[in-house]
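As C-alpha cells, here come the structures.
Below are two complexes that have chain A in common, paired first with chain B and then with chain C.
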Partner chain A sequence: MSTQPISSAEINSDGTIVKKKLGIGFWLCVTWLGLMALIALFTPLLPLKSPTQNFLDPANGRPPYSPSWKHWFGSDKDARDVFARTLHGARISLTVGFAAITAGFLVGGTVGVISGYYKGWIDRISSFVFIVLLSFPSLVLAILLTSLIERSLLTISLVLGLLSIAPVGRLARAATLQFADREFVLAARQIGATNRRIIIKEILPNVAIPMSSLALLGMAVAVVAEGGLSFLGLSVEKGITWGGLIQLGSESSKTLEEAPWIAFFPILMLFLTVLSLNFAGDRVRNYFDVKETTL
Partner chain B sequence: MRYYVQRVALAILLLLAVSMLTFGALNVLGDPLFNILGPVAGDVNNPESVEMINAAKREFNLDRSLPVRYGLWVSDFVQGDFGVTFSSTGQPPVSGVISERLPRTITLVLMAQFFAIFVSIPWALITASRAGKVSDRISTINAFFLVAMPNFAIAVILKFVFSIKLGWMPLTYTADDPLRSRIFQMVLPALTIGLPVAAVYQRLLRTDLITTLQQDFILLARTKGLSKWRILFVHALRPSLFSFITVVGLNTGALIGGSIVSETVFRIPGIGSTLVESVLRNDFPVVLAIVMIVASSFVIINLLVDFAYTLIDPRVRR
Partner chain C sequence: MNPPDVVRSEAEPLVETVEIKTHFKTPRGIARAVDGVSIQIRRGQSLGVVGESGSGKTVLSRSIMGLLPRNGVIREGSVRYQGQEIGNRSSKEMRAIWGREMAMIFQDPMTSLNPVMKVGKQITESLRLHLGMSASEAMTIAEKLFRDVRIPEPTRRLNQYPHELSGGMRQRVMIAIALACGPNMLFADEPTTALDVTVQAQILELISEQKRDRNMSLLLVTHNLGVVAGYTDEIAVMYGGKIVEKAPTKTLFADTKMPYTEALLRSIPRLDQPSHSRLATIPGRPPDIVHPPKGCRFAPRCAYVRELCLNEEPELQQASTPDHTYRCFYPVGSPEYLERKVELTRKGEFVSTGDMS
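So, the complex of A and B:
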C-alpha cells in the first residue's frame, strides 16, 4: 500500500492511459448539495411561507391538508406549511453536519497527523483516546452527552464534532504513517527543513487527498446522526430539523396513515442529501484511487 | 501468551476509561434529584424540603465526593450489583430492569444480523458473478440507496408500507404476547437495523468474491466443467469470507447502537429505548449499566476477533 501512488489516471489492459472522470452522477450530487447549501444559507431571504404560522383554511376542512398548489408539500396537523418547514430544516441539519465535520477535522486531523509523524508516547496516548471514543457506539455517546447539556446549535455541533475526532484522527494518522518515512520527507529533513515545515509542506498535501473523500462521507454521517438525535428529541431545542419533522409526522400511526406527506417529504430531502454526500465522497475516493481499507 | 495478557489488560483499561468518562459526565453535568424527589428537589428555601433533599442525597450516596462514589460503584459493579434506580422508591433494582429488557435487544440484534447475513451472501454471489453487467450496476445503486437511508427513516417507511398500508405486520410490540407473535412483531424492527447492514456486507463480500473469482483454481474448476453455482458456493465463497466474518463480528456491538432508534419507533422495551428514557430522567445507574453492557460487548467481540486472527495467522501475535 505504501508504495502505491495516488493518481487520477487509470491504465487500461492494453497499456493506454485514460484520464479518470468523476462522472455525471458526481456533478448531479454536487448540484443538489450546492442547492441545499444555498437554501440553508439564505432561508430567511427566500419567498417562503412562515414555517411557524398556522394557515387554517375552514373551507378545506380540518388540517392536515394534503399537498396542493397552495401548500406544495401539504400541511401538518397545526396547518403549518410543510414545504417551508422542510426547507428551514435544511439549515440546522447542514450547519450541524458541516460544523461537526470541520471540528472533527481540525482536532482529529491535527492530532492524527502529529501522532503519525512524531510517533512515540504522543501516538500511544492519542491512539488510546481514539479507541476509548470508538468503544461507545456513536449514537450512545451522542445521546449521553446531548441529554446532559443545553442543546443549542453550537453544543450539538461540538458533540457530533467530538464523535468524528476518532475516525478522522485514525485515518489521518494512518495516512501520515505512510508518508512519514518516504524519500521526499527524508530529503526535506536532510536539507534542514523543520518538522513544522515538513508537516505543512510535505505531509499535509499528501494526507489531504484521502481525507477529502472522508470529509464528504463524514458529513453524511454527521447529518444522519443529527437526524437521529432530533428524531429522538435530543437535538437543537428551538428550531426545525429534518429529524424532528419526521418524528412529528410519524409519532402516531394515525398521523402517518392520514398525512404521510408530513414525514415523507423531510425523509426525501434527508435521503437525497445523504445520498449525494455518500455518492460524491465515493466518487472522489475512486478518483484518487484510495484503497477502501484505509477508510 | 504475553500477547493475550496485553490485549486483555488493554480491554480492561478501556472499559475502566469508558466507565470513568460516563460516570464523570453524568455526575458532573446531570442532576438526578428531580427524578427521585419530584418538584421538592428545586425547593431549596423550604427547610422541610432541604431535609428531604439531604436525606435523599445520603440514601443514594450523592453526598460523597465523586471519586468515592465512583469507587463504590465500580466495586459493586464488578460484583454484579448494578445498584438501584434513581427513583423515589429505588425500585426495581437495575439488574431487574436489565434482565427483563436485555433479552429483547439481543433477540432483535441477532434477528437483524441473521437477516443481513442471509440477504447479503446470495446478493453478493449473484452480483459478483455478473460484475460490471447491468444487474450488478442496478444492485450497486440499490446498495447506495439503502446505505443513504437513515435507520429512523427506514423504520418509518417500513411501518407505513407493511403495517399501515398493507396491514401485514403488527404496529407495535406487546410484551405479554406469546413468544411466536413477539418474534413476528420484531420482524420489522429487525429489518430496520438489518437492511442497511446487509448492503454494507454485500459491498464488502462482492469485492472479495470478485478477487477470488480471478484466481487460477476457479479457472481450473470451470475447465473441469463444474456448474456456475457449484463454483460460486463451494469453491469461491469460503476463501472470500475472511473479512466478511470480521466485519460481521465487529458490527454486532454497533448494531446494539442501531437498536436504539428501532426500539423507540416500534415501542420495544429493550435496552436501547430504555437508555433514551433513563438518560432523559437522569437515572444514572441504569444509563451506566447499559453503556457498560454495550461497551463491554463491543470490546469483548473485538478481543475475540483479534484472538481468532492469531489462531488463523500466528504472525499477528508479535
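So, the complex of A and C:
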C-alpha cells in the first residue's frame, strides 16, 4: 500500500490511465479573474467616465437613466455612470479579498505549520486560540470590529484577514500533521537537515497543495464578506465597492422595480467573480485529490 | 569529528552501547521498548537484530542514532561512537554525525521519499549540505551513486519524482541517499519488508556489496531470520526489549541455546516439508512492554518453562562457544530441556519438525 500524493492521472474503469485535466471551465474562470485583476489594477488608466461625476441630462428627464450607448450600465439616481462605478468597485472588493486571505495565510499558515510540526505546548496554545476565534460567528465579529474602528482599506483587510486565520491555520496544522510523521521527514532528519530546512523544503511543498485550493475558496469568502459589510455601510468609508453599489440600487423596492440595472450589474460582477473563485478552487482541489492507489 | 583512524586497533568497536534503555511515556504507563541492551559493532562488521514486531529492534537502532521523538522519551545508558559518548547529545549536536558518520535506510521506500521533490534533488541536498558541493558537482556525484546502486539511466532518473519509480528502484534511491556522504555506520531498518520477494534478494545483495566496498559497519534490523543468515557476521535476537541470545551467525544456527530462537527457527517455512503441512508457530503474544512478566519475558510462551523461569529473570550467560551469550535457565541441550522435550515428543507436539535440533 502506498499513497501517491502528487500525480494527476486517473484510472478509468477499463484500466486505461487518463491524465487529469483542469478543464475548460477552470480556464474560463481564470480568464475572468485575470480580467478582473487587470481592471482592478488599471482602473485609473482606463478611458472611463468619472465614477463620481453627475451626468445630468435634462433632455432625458430625471435620473436614473436606463442603460444606453452613453451609459452602458445605465446611471443611478444621482446620474452617475454605473459602468464606471462597477469597474471602480472591483478595486476595493478584490484588494480586500486578496489582502485578507494573504494576511490569513501569512499568520494562520505559519502558526498552523509550526504547531503541526513541533506539536507540544505550541500546538496546544495555538489550537486553543483557533477554537476561540472559530467560536465567534465571523460576520458578527466583523461587524463589531468594523463599527469600532476607522474603516480604511487596510483595516478592513486586516479584520477580514483576522477572521481567516483560524480556518487557514487549522487546515495548515492538519496537513502538516499528516506529513510530519512521514518517514521522509525522518529520512531528511537523519541526513542532517535542520528543523527549519525540513519545514521549508520537505513539509511546505506538500502542504501547499491542499492550501492552494483553500486560498481561492477563502478569497471568495472574503469578497462576499466585504460585500456584506459594505452593504451594511461598514466597509471602506467613501470608497466605491460592489456591496455599496448593490445597497444603493436596492434601497427600496421602488428603486429595484424602476431601475433594476443599478443593483444588477454589480451583483452580476460579484456573482461571476465569486463563482469563478469557487469553481477554480474546486477544480484545483479535485486535480490534486488523488485516491490512494496501490503499486 | 576527526579521530586518528590509524592508531585504532581493529578490535575497538565503532559503535558500542552499554545497557541502553529507551522508555516511552504512554497513557498506560512506561513502555520499556528497549530495556538494557549492550551491543558492539566493529568497523566493517555486520550485526543482525532479529525479533517479532514490538520487540524493540527498530527503537534500538533509532536510539543508537538518536532519532527519537522529541517528547515523552526516557533514555539511559551509554552509546559510544568511535569511543566518544553520543547518547546524551542533542539533535543539534548529532547533526554533524547524521548523514556523514551514520545513515539509515528505512522500511518503506514509498513513504521515505518526499513525494513532491525530484529524487535528484533529494540526494544532492545532503551532499551540498554536508560536503559543501556546488549544484553541478553534487549532480555528478549523485549520478555516480545511482550507478553504484545499479539504477539504469541515472541521468533520466535523477529528474523524476518518486511516484515515477518502482518500489525496488525507490529503495535503491534511498540506499544511494544513505550512502551519499560516505557514512561509516549504516542502519538498515527492515529494508526489504515492503518489497517483492524477487527484489528483496537484490536489495540485500546491494547493501552487503556496498558495505564491503566502503568498509562500512552494518546493523540490519529484520524479523526474518532467513534474511540475516546470509548477510551478517553476528546475530542478536531481541525479545520484549532485551537481547535474549547473541552469537556469531554460524554458531547461532548450529548451536541455538535459547528456546525462543529455536522456536523462531522452527517457524521458518521449509521446502522439504510436505505441502500443506501446518507451519509451526509460537503460541501466545509478544509480551506487554508496559507491564512485562516478572520472570523470563518469554516464559509465558515457552514450551520448556519451569517454576524458576516465572519468578526470576535470567541474566545473560556465556555459552561454551566464543562470543555466544543467551538469557535462559534451561537452554537447549540442558538436562531439563531434554527431559521436557521427551515428554512433548511423546504427546506429539513435534511431529513435523522433530528433526529440528
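Note that in this section the second predicted complex is superposed on the first by the 284 of 295 C-alpha atoms of A that agree within 3 Å, B and C clash if a C-alpha of one lies under 4 Å from a C-alpha of the other, contacts with A are read in each partner's own complex, and residues count from 1 in each chain.
Note that in this section contacts are C-beta pairs under 8 Å (C-beta built on N, C-alpha and C of every residue); 3 or more make two chains touch, one makes a residue touch a chain.
Everything quoted here is computed from the prediction, not taken from an experiment.
In the superposition on chain A, A:V274 makes contact with chain B only, while chain C stays out of contact range. Ranking chain B and chain C by residues of chain A touched puts B first.
Residue contacts after overlaying the shared chain place A:P47 against neither chain B nor chain C. In the superposed model, A:S147 makes contact with chain B only, not with chain C. Residue contacts after overlaying the shared chain place A:A188 against chain C, while chain B stays out of touching range. In the superposed model, A:G120 lies in contact with chain C only, and not with chain B. Contacts of A:S253 after superposition: chain B is touched, whereas chain C is not reached.
Of the two partner chains placed around the shared chain by superposition, chain B is the only one that A:V224 touches, whereas chain C remains out of contact. Overlap of the chain B and chain C interfaces on chain A comprises no residues.
Contact residues of chain A toward chain C in the complex are 1-7, 118-120, 182-184, 186-194, 197, 201-202, 205-206, 209, 295. Listed in rising order, the residues of chain C touching chain A in the complex are 65, 67, 70-71, 91, 95-96, 98-100, 102-104, 106-108, 110-117, 125-126, 129-130, 161, 163, 166-167, 174, 177-178, 180-181.
Per the touch definition, chain B reaches chain A in the complex via residues 13-15, 17-18, 21-22, 25-26, 29-30, 144-145, 147-153, 156-157, 159-160, 163-164, 171, 207, 253-254, 256-258, 260-261, 264-265, 275-276, 279-280, 287, 291, 294-295, 298-299. Across the complex, chain A meets chain B through its residues 128, 131-132, 135-140, 143-145, 147-149, 220, 224, 227-228, 231-232, 234, 243, 246-247, 249-250, 253, 256-257, 260, 263-264, 267, 270-271, 274-275, 278-279, 282, 292.
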